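Two complexes, one shared chain (chain A), two partners (chain B, chain C).
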Partner chain A sequence: MPTKVERWKDETYGMEIRDHLLRFAEEGWDAIPEDEHDAWFERFKWWGLYHQRKGQESYFMMRIGTPMGRMTPEQLRTIGEVAAEYATGPVENPEFGDAYADFTTRQSIQLHWIKVEDIPDIWDDLESVGLSTIQACGDSWRNIVGSPVAGRDADELIDVWPIVQDLHEQFKGNDLYANLPRKWKVAMTGDRRGSGQGDINDLAFEPAVKEIEGEEVAGFNVNVGGGLARKEPRFARDIDVFCRPENAADVAAGLSALFRDYGDREDRFNARIKFLVDEWGPEKVRSVLQEEYVDYELPTAGEGLRDEYDYNAGRADAAGDYIGVHDQSDGQNFVGLSVLVGRMGADDVIELADLAESYGSEMIGLTQRQNVIVGDIADEDLDEFLAEDLLAEHSPDPHPFMRGSIACTGTEYCSLSIVETKNRMVRYGRWLRDNVPVPEGVEDFHIHLSGCTASCAQPQIADISLRGMKTRKDGDAVEAFDVGLGGGLGENPQFADWVKMRVPADEVPGYIANLLETYETERSGPAESFRDFVAERDEDELAALADGEETSYEDPYLGNTKMTWYPYAEDTSMDASPAPTDGQGEPLPSDD
Partner chain B sequence: MTTAVHQLDDGAWVSVNDSREVNVSDLWRLAGHDFCGCRLADFLAEGFVEVAPVGADVEARIAGQCIQCGASGVTDWLTLGRVDPESGTFRAVVPESVHVPGRPAAPR
Partner chain C sequence: MADRVMKVNAFTTFDLLDGSVEGHGFEENAFATLNVRTAREDPEAVTLELELDNTALESVPPHADRVTLTADEAERLASELQAAADRVVEEGNA
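After this line comes the complex of A and B, so read on.
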């Protein structure tokens, strides 16, 4: 029997939700019928709006999908202006102030505290510069990820930007693919770095070459069924298909239609295509695709470039991100800047846009490591650009612990999260920077902190993986983390080994300090990466590497932040919440 | 009156009559259970797998783990709370009090 969500989607879904949202915006929060809240909030996701968690009723997270994280400075400025005007809540965040934008691991932007009444004006602002919230959440084609510097990167096989733009145009607002059994995440990589992180996507186009009729063709190998969520991580499986660039839309249409038709609509926990690939095997996926969804003979897979991949690969001989100055194919430079946990104040967003424009940049890129790239900096301008004040905060040469830290939204806003995340990761990063020696030769150390098993911070593919948990300390329930080690992508993708469970959150920095001391002492030399060091050891040896420990680190969020209406409010109790509010942010009368 | 119950957002919370009532991240004390070997399990709710109204009660099976022993899985049916038949108001149980999964046995 189809789930309730499927029944709600059958009634109303896709493009038509926009008209309803505009109506609710006109009439106000109260116009959303109380006995239809669940159905409407599920539908609103399709237009990029996610109702915030308990205690924050009437406020929404708004997600803006930017294909491959790519924007113009004008678009970035608009996002900063929208954040400053509309994404302000009743209480400031102590680390980030009262207005900010979150850059996500899927190269989108998230704004919080959005009121339904403001949505039309926000859409007007965004759409006037070519941005949209369409299909940013919900059961359809999500934001397509890949390298934001495609076409500029001097280290690439194919410029995928025109192809991704074409896919974005074809599959956004397309009724045929508007209602899928679950989300559909696509990655397209044309570079030699593996920066699309296709392995953890539902559909991955990986760069490859193949000899066809005596001619060497550059294109893609096609992998299907990757994903990290719900303690069921999968790498995308090779379905033995080579795809010419001009066939990418046909193959993508075929596979998303296959998912639409054969995906499980009776159990949302089993709906992602990774489970269909488990059930069918890659051979059947290929044969059904061939027989039912494409009208040309699919070539078998070509020769991939996987042995060159270094993005988030944990290699000692190459940085695994885009931080720093890099050559563009046109002789200019792109500069990757660190944005700690992906959150940037609205004023900084605007300043960055202005700065980029003043240097003649036509491209801003958000990366899957929650950082930002400014493209098109000329050689003669580089020193001046690098000396700009804003780059002291968002550095092209950050401390390794600040550089590699990723965090999801957490209990600040998210219903699923078990623990506080972003502010905590900021505090972890600072403490580690100030107290823990960086092992010699380490420039880029990846710590991914995720609030729960949904894995939005991609915890399984980091040097150190932190996944939200609870434990008891002196009898009291406290926020904690399961700790995994040694995950990463690259030539041989590997999920982290979970080696230490339920470490109290205030003992995690001490654990990391102890772990890195052991690593530096016991590794064979600076050429042995942390990931290789972990791979050399068995389960018992990994568990024995280090223990958690209280240190000078102080954790203000150790209690149950999920029980609060907002973890940083003066009075955090649910009863103190002003929500729901009207369009001016004034509390609405309660039914009680 | 009919009670509408949904588990939503990947099982993050349970809605009763379109009001968000029960969240993941609570610790539940479980007795008389076969979830793990602990006499009194200290169970962290990580996701609501199934939810159903049973008379005035709202029951659910919850995915999570015992933070004492580390066993993870899905519980038998647990009572999350009760809907007042007169007012329709949902009154949640206190997770940290002791609960016995699987009771009361009732058709769902």
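After this line comes the complex of A and C, so read on.
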């Protein structure tokens, strides 16, 4: 029997939701019938809107999908202007101020505190520069991820940007694929870095070469069924298909139609294609794709480039991100800037757009490590660009502990999280920078902090994985983290080993300090990466590497932030919430 | 060490309880997670699931325990929990 969500989707889904949103915007928050909130909030996701958590009623998170995180400076400026004008709430964030944009692990942008009444004006602004919130969430083709510098990267096999643009055009707003059993995440990689992180996507195009009829063809191997969520992490499985660039849309259409038709619509927990791949095996996925969904003979897989992958791979010989200055294929440079936990103040977003434009850049890129790239900086301008004030804050050469951190949204806005995340990760980064010696040879060190087991910060693929929990300390319940070690992608992707449970949040920096001291002392040498060091040790040895410890680090969010209406308000109690509010942000009268 | 078996998020009933495991010749204490769950669609039963932190246990392998209750059984459990809680409150030990 189809689920409740499937029944809601059968009634209204896809493009038509836009008209309903415009109607609700016109009539105001109160026009959304209270007994239909769940159904409408589920549908709104398709147009990129998530209702915020308890205590923040009437406010939405808005997600803007940018294929491969790629934008023009004009588009970035519009994001900043929209954030400044509309993404402001009743209370400022103590670290980030009153308006900011979040750059996500899937290369999208998230804005918070959005009012339904403002959505038409926001859409007008975004769409006037070619941006959209369409299918940013919901059960359909999500934002396609990959390297933002495709076509510019001097280190690539295929420029995938034209292909990704084509897929984006074909599968956004396409009724045939608008209502899938669950989300559909696609990654396309054409470089030698593995920067698409295809292993954790539903459908991954990985760069490969194959000899066909005596000719060496550059294209993709096709992997299916990766994903981290639901405590059931899977790497995408090889279905033994090589895909020429010109066939990418056929294969993508075939596989998303296969998922549409065979995915589980009776149990949303079992709906992602990773579970269908579990059930069928890759061979059957291939044969059904061949027999029912494509009309040409699928070649078998080609020779991949995995042994060259270094993106988030935990290698000692290569940084696993885009930070710093890199060569472009046209002789110019692209510069990766660190954006701690992916959050940038609206004023900085606008300033970055202006700066990029003034240097003649035509491309801004958001990376899956929540950082930002400015493309097209000429050699002769490079020193001047690197000396710009904004780059002191968002550095191309950050301290290793300020470089590799990812954090999800957390209890600030999210209904699922049980701990505070972004502000805490910022504080962790600063404390580590100021207090912990960096082991010799370590350039980037990846700490992924997720607020619960939903895995939005990709905690299973980091050097240090932190996942929100609770513990008791001095008789009080406090926020805490389970700790995992040694995950990463690259040639041999590996999920983290979970080694500690419920380390109090204020003892995590001490844990990391102790851990790194042990690493530096016991490793075979600087050539042994942290990930390799972890891989060499068994469970008991990993658990014994370090303990949590109180230090000079102070954590202002130790209490139960999920019980607050907003963790940084002066009065955090639910009763103090002004929500729901009207279009001007004024509290609406309650029914009781 | 194995990962947790149960997922834990803001909808989990209890993410921090004191638990213990006892068998013949062993007894260990650990923090525990306890969750009450029903199917999202047409629920026919109530599931009660319990997991003790496996890092704190040596005597049993990492696992979670589940019991399935009919609606009547769940109501009876609720009522016994209520009565027991009332007694604790009455004694002034809440």
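The rule is simple: the second predicted complex is superposed on the first by the 592 of 592 C-alpha atoms of A that agree within 3 Å, B and C clash if a C-alpha of one lies under 4 Å from a C-alpha of the other, contacts with A are read in each partner's own complex, and residues count from 1 in each chain.
Note that in this section a contact is a pair of C-beta atoms (placed from the backbone, for glycine too) under 8 Å apart; a residue touches a chain by one contact, two chains touch by 3 or more.
Predicted model only: the values in this text are computed from it and were never measured.
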{"item": "Combined model on chain A: chain C and chain B, fit or clash", "value": "clash"}
{"item": "Contacts of A:S147 with chain B and chain C, given as first, second, both or neither", "value": "neither"}
{"item": "Touched partner set for A:S58, first chain B, second chain C, both or neither", "value": "neither"}
{"item": "Chain B versus chain C as contact partner of A:M1, first or second or both or neither", "value": "second"}
{"item": "First (chain B), second (chain C), both or neither touched by A:V499", "value": "second"}
{"item": "Which of chain B and chain C A:L416 touches, first, second, both or neither", "value": "both"}
{"item": "First, second, both or neither for A:A454, with chain B first and chain C second", "value": "both"}
{"item": "Partner chain in contact with A:Q368 - chain B first, chain C second, else both or neither", "value": "neither"}
{"item": "Which of chain B and chain C A:E539 touches, first, second, both or neither", "value": "second"}
{"item": "Partner chain in contact with A:M469 - chain B first, chain C second, else both or neither", "value": "both"}
{"item": "Interface residues of chain A shared between complexes with chain B and chain C", "value": "4, 53, 230-231, 268, 411, 415-418, 452-454, 469-472, 477, 501-502, 562"}
{"item": "Parts of chain B lying in touch with chain A, wherever the complex brings them together", "value": "4, 6, 8-13, 15, 17-20, 23-27, 42, 44, 46-47, 49, 67, 70, 72"}
{"item": "Footprint of chain C on chain A - complex, ascending", "value": "1, 3-4, 53, 230-231, 266, 268, 411, 415-418, 452-454, 468-472, 477, 482, 484, 497-502, 539, 542-543, 562"}
{"item": "Contact set on chain A toward chain B in their complex", "value": "4-5, 34-38, 41-42, 53-54, 57, 229-231, 268-269, 411, 414-419, 452-454, 469-472, 477, 480, 501-502, 560, 562"}
{"item": "Chain A-facing residues of chain C, complex", "value": "1-12, 15-16, 31, 40-42, 53-56"}
